[in-house]
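Here's the structure, in structure tokens; my notes come after.
The letters A, B, C and D name the chains in turn, as written, and every chain counts its residues from 1.
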Amino acid sequence: MAYNLLKGKKGIIFGALNDASIAWKVAEKAHEEGAEIVLTNTPMALRMGELDKLAEKINAKIIPADASNVEDLENLLKESMAHFGGQIDFILHSIGMSLNVRKKRPYDDLNYDYMMKTLDISAISFHKLLQSARKLDAIVEWGSVVALTYIAAQRTFYGYNEMAEAKSMLESIARSFGYIYGRDKKIRVNTISQSPTLTTAGQGIKGLTDLLDFSERMSPLGNASAEDCADYCTVMFSDLTRKVTMQNLFNDGGFSNVGMSWRAMNVYSTSLDDLKSNINKIID
Amino acid sequence: MAYNLLKGKKGIIFGALNDASIAWKVAEKAHEEGAEIVLTNTPMALRMGELDKLAEKINAKIIPADASNVEDLENLLKESMAHFGGQIDFILHSIGMSLNVRKKRPYDDLNYDYMMKTLDISAISFHKLLQSARKLDAIVEWGSVVALTYIAAQRTFYGYNEMAEAKSMLESIARSFGYIYGRDKKIRVNTISQSPTLTTAGQGIKGLTDLLDFSERMSPLGNASAEDCADYCTVMFSDLTRKVTMQNLFNDGGFSNVGMSWRAMNVYSTSLDDLKSNINKIID
Amino acid sequence: MAYNLLKGKKGIIFGALNDASIAWKVAEKAHEEGAEIVLTNTPMALRMGELDKLAEKINAKIIPADASNVEDLENLLKESMAHFGGQIDFILHSIGMSLNVRKKRPYDDLNYDYMMKTLDISAISFHKLLQSARKLDAIVEWGSVVALTYIAAQRTFYGYNEMAEAKSMLESIARSFGYIYGRDKKIRVNTISQSPTLTTAGQGIKGLTDLLDFSERMSPLGNASAEDCADYCTVMFSDLTRKVTMQNLFNDGGFSNVGMSWRAMNVYSTSLDDLKSNINKIID
Amino acid sequence: MAYNLLKGKKGIIFGALNDASIAWKVAEKAHEEGAEIVLTNTPMALRMGELDKLAEKINAKIIPADASNVEDLENLLKESMAHFGGQIDFILHSIGMSLNVRKKRPYDDLNYDYMMKTLDISAISFHKLLQSARKLDAIVEWGSVVALTYIAAQRTFYGYNEMAEAKSMLESIARSFGYIYGRDKKIRVNTISQSPTLTTAGQGIKGLTDLLDFSERMSPLGNASAEDCADYCTVMFSDLTRKVTMQNLFNDGGFSNVGMSWRAMNVYSTSLDDLKSNINKIID
């Protein structure tokens, strides 16, 4: 069901790769709600992914850009404005990558060159985007910028590694730049902290599927899906949330505010009982 | 501009008194977005206020209820369901009153009978509402309940008095009941933490207008108005925020995440300079 | 090992029942560190518990008081000052009781008279204590007041019931009164949010022991014990934390900032694997 | 007054320059409490500052190290262990520097090479220190590591610039590494979020002195001084806070939990009244 929430609005969506990407769903939803879209990703991701299909489906233009490269970002913003014939209404930043995770370096054996690259791609890219947009006056007054993040910015999840720092920094940039952009241009900047979501890359990794199960049972409404996230992004891009800025908004079925749920504890307790009965057998 | 975000939905709005009330604006906006509304308030408030006008304007039914009285709440829910011909989709709780503030008792000279009454009206009423709704199965699956709160639940504002405790408790109830209602019925419960808003009662109180000025200059987007709050409530009642629950959502122009703004500091510094130059004159 | 951290200081300790009580350990530790102590509890608790033994051991005076009764509190403070020959340096509030939990009323079937009593005993008692102390000018400048709390004030733990609201309110009182008492008398007010701790009452309850196990494996340093809490209280009563006020301090082995630990996930995953293999067997 | 809280303990203190440095006060206090100290700073800071005086006074060894250089850190840790004849008990990280601030680049015109350098010096250095210590097994079980931070990691303070991101990242590292170091070696890692403190560099900057005044009047106990911070660090290095880890601890006179104080509002209101009366004059 569509409401025309974004009718006449123009937006740039970073980070869609294939139809498992959250950014993909956001683009589809924004289009459905009446927006015109520019899609962007790195040249490499454009080769690997299926962005052409999406572009065709929602009649979007693709403009390649490496989000850690200021020139690329400036070019993207200029071309988008030329394409749209005016300023941009909303932007989604859905970019994150950890080199140390890829290279299987644990958190107490980080390579610092990798870490710098991780920060640059996953967090500083957001500052570069905002700074470029501001210099080019690329975003309309009362426009809206959203970046996707994860609760590991607040609490430690084993295995999430240096992405915790990247996401902490990303959320800090949303606050710091949100202050300036709000004060000077009425533009709001927020992050949406999304349930863990299985993308193509994540399927089959046992640690990940088990964490998803835990997260699902901890959350009274279950994990939020990519489609749920697209709905929430739409709302944040719309004119109905104009005074919401510098916030980190959890779209997670309640996970962030649950210490222990009955459903998750049931699974946990079953194991405990087994452990104890085994110990008792050994003792007997 | 209307989007039909609440088309076909039925809601109960607590706490509208006159057109300066946030609840009033929420009712108007929800109606505009396609919802059918039941308005409710205490019999006394109904006599003092102008709810009839609103009811007529948006074609709503008025059902009196004292929100601290379980029987009243049960009656309200039953009558509403009879009126709507089915379950309720959303509820707004916009109720708060401090007896100690009214009686001018400072925070270090509280009357505890008053405090009990304050908690009952301002916070426990929310639990009573939710518990009654759950027992009567009055809210539809994926329904949405919102209560209005203030940042004094997190940080101390001089003069806000025992309402800080009432709002802390209110937000806790949103989490505790949100967990149960989400798990069992997929119903979400959230609070919106709104900028200070001048209602009829507040106009002319110097402390309040000065605080509003400070809040306005601290917030990069300025204070959120009652209309802004109505927009945000609409979004939270809609199907686009289905996985958001147990959250406290700031609708405050950024205030909550600003430690010190340039605009507020300018006012503050001017005073400081005056103070210092006066001291210097005296010393001279 | 003792450091004389509280040499010459005088304190009141609420809530010790027997040697499994945190308050008991705090009293012992404070004595060890050089403090003179007044112990207090309700007349009923004094009959049921073993406070006499503790009083004898640490040479403390016992003064009965129902913490929800202002007259009792005033009498306690006056008698304590008479006993000490002067003002009080520190106070521990370790009081909590839920009538609805005792009466096995679940959170969606609360009795509101019970709830009022729960709030009065577990949270408002803290305000009554602070207000009485302030009126009697019972606490010395730069004195220190601590109340014990639990992380359920921030996140929902199934089964913790209305104590979540009581603890939220307690922490709010610490902020609100801490502001006033700090500004006017330099007295600091804080809460310590402690790991779940098995007292006599809790032993043998399966839900509780399983939660403790989860909490232990989530916390990198393991759960904090009653003795650990006594150490932290000592530090907060000492002159080395004079500018720390209005804070909620986690003494929990790190639990509050862990989203998922490797040790807890291992237990959880074992169950999951069993569940899945059972399902597969049935399918086969 | 000394308590021998750190008797027999050995610690490394980063970041002392002269007697206005917090690290200087921490070193003095730790020595007073019985600890042996190694002082460290960059070669340049050693030339500019007066660390020799402190070293002599507290009988400490100075070992130069650039905290962003892993080799330097490894050398520092090895030499310290050789000097102490064993593992280290505690470490203070008091390091922060923003190149963009120095070069007067505002937050919406950052130089990204500078930003990388800022992050490396102010935040990643903390990870490098912890990782090096862990690889060399340099810290004793139940040892304690503290880094100094500022509330700009949570809320935006105009002019604090990219240091907000650096401090957010620093606090995230404390959580992430605190989890690992706690689980594996029982070592705790915390940050202390200190009131703004005037060091030599900050004196005379009008923006800073005015912010300090605001902070002072907002905080019920006033700003925490460098000496207050030294007291708190001592407590965190001692055996009395063994289960406290991954926390960000505010040592700020209550500032972090005050939304608006009576004393700050009085200053603010004076200006407002002046502004209004001037406007009225103009209108008249």
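Quick note on the criterion: a residue touches a chain if its C-beta (ideal position, glycine included) is under 8 Å from a C-beta of that chain, and two chains touch if they have at least 3 such contacts.
Since the model is a prediction, treat every value here as computed from it, not as a measurement.
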Query raised in the report: Which chain lies the greatest distance away from chain D when centres are computed from Cα atoms alone?
Result: B
**Report entry** Homomeric contact chain A-chain D: same or different residue positions, threshold half
**Finding:** same
Query - Euclidean distance of C-alpha centroids - chain B vs chain C, Å - result: 31
**Report entry** Centre distance in Å when chain B and chain D are each reduced to the mean of their C-alpha atoms
**Finding:** 39
Requested in this report: Please set out, as single numbers or ranges, the residues of chain D touching at least two other chains.
Outcome: 155-156, 158, 175, 178-181, 246, 256-258, 261-262
Query raised in the report: With chains as vertices joined when they touch, what's the shape: line, ring, star, complete or other?
Result: complete
Requested in this report: Please name which positions on chain C make contact with chain D in the complex.
Outcome: 1, 3-5, 175, 178-183, 186, 188, 195, 219-225, 228, 231-232, 234-235, 238-247, 249-254, 256-258, 261-263
Report task. Could you pull out which chain A residues touch chain D in their complex? Result -> 70, 107-110, 112, 115-116, 119-120, 123-124, 127-128, 130-131, 134-135, 153, 155-156, 158, 161-162, 164-165, 168-169, 171-173, 175-181, 246
Query - Interfacial residue positions of chain C with respect to chain A in the complex - result: 151-152, 154-159, 206-207, 210-211, 213-214, 256-262, 264-265, 267-272, 274-275
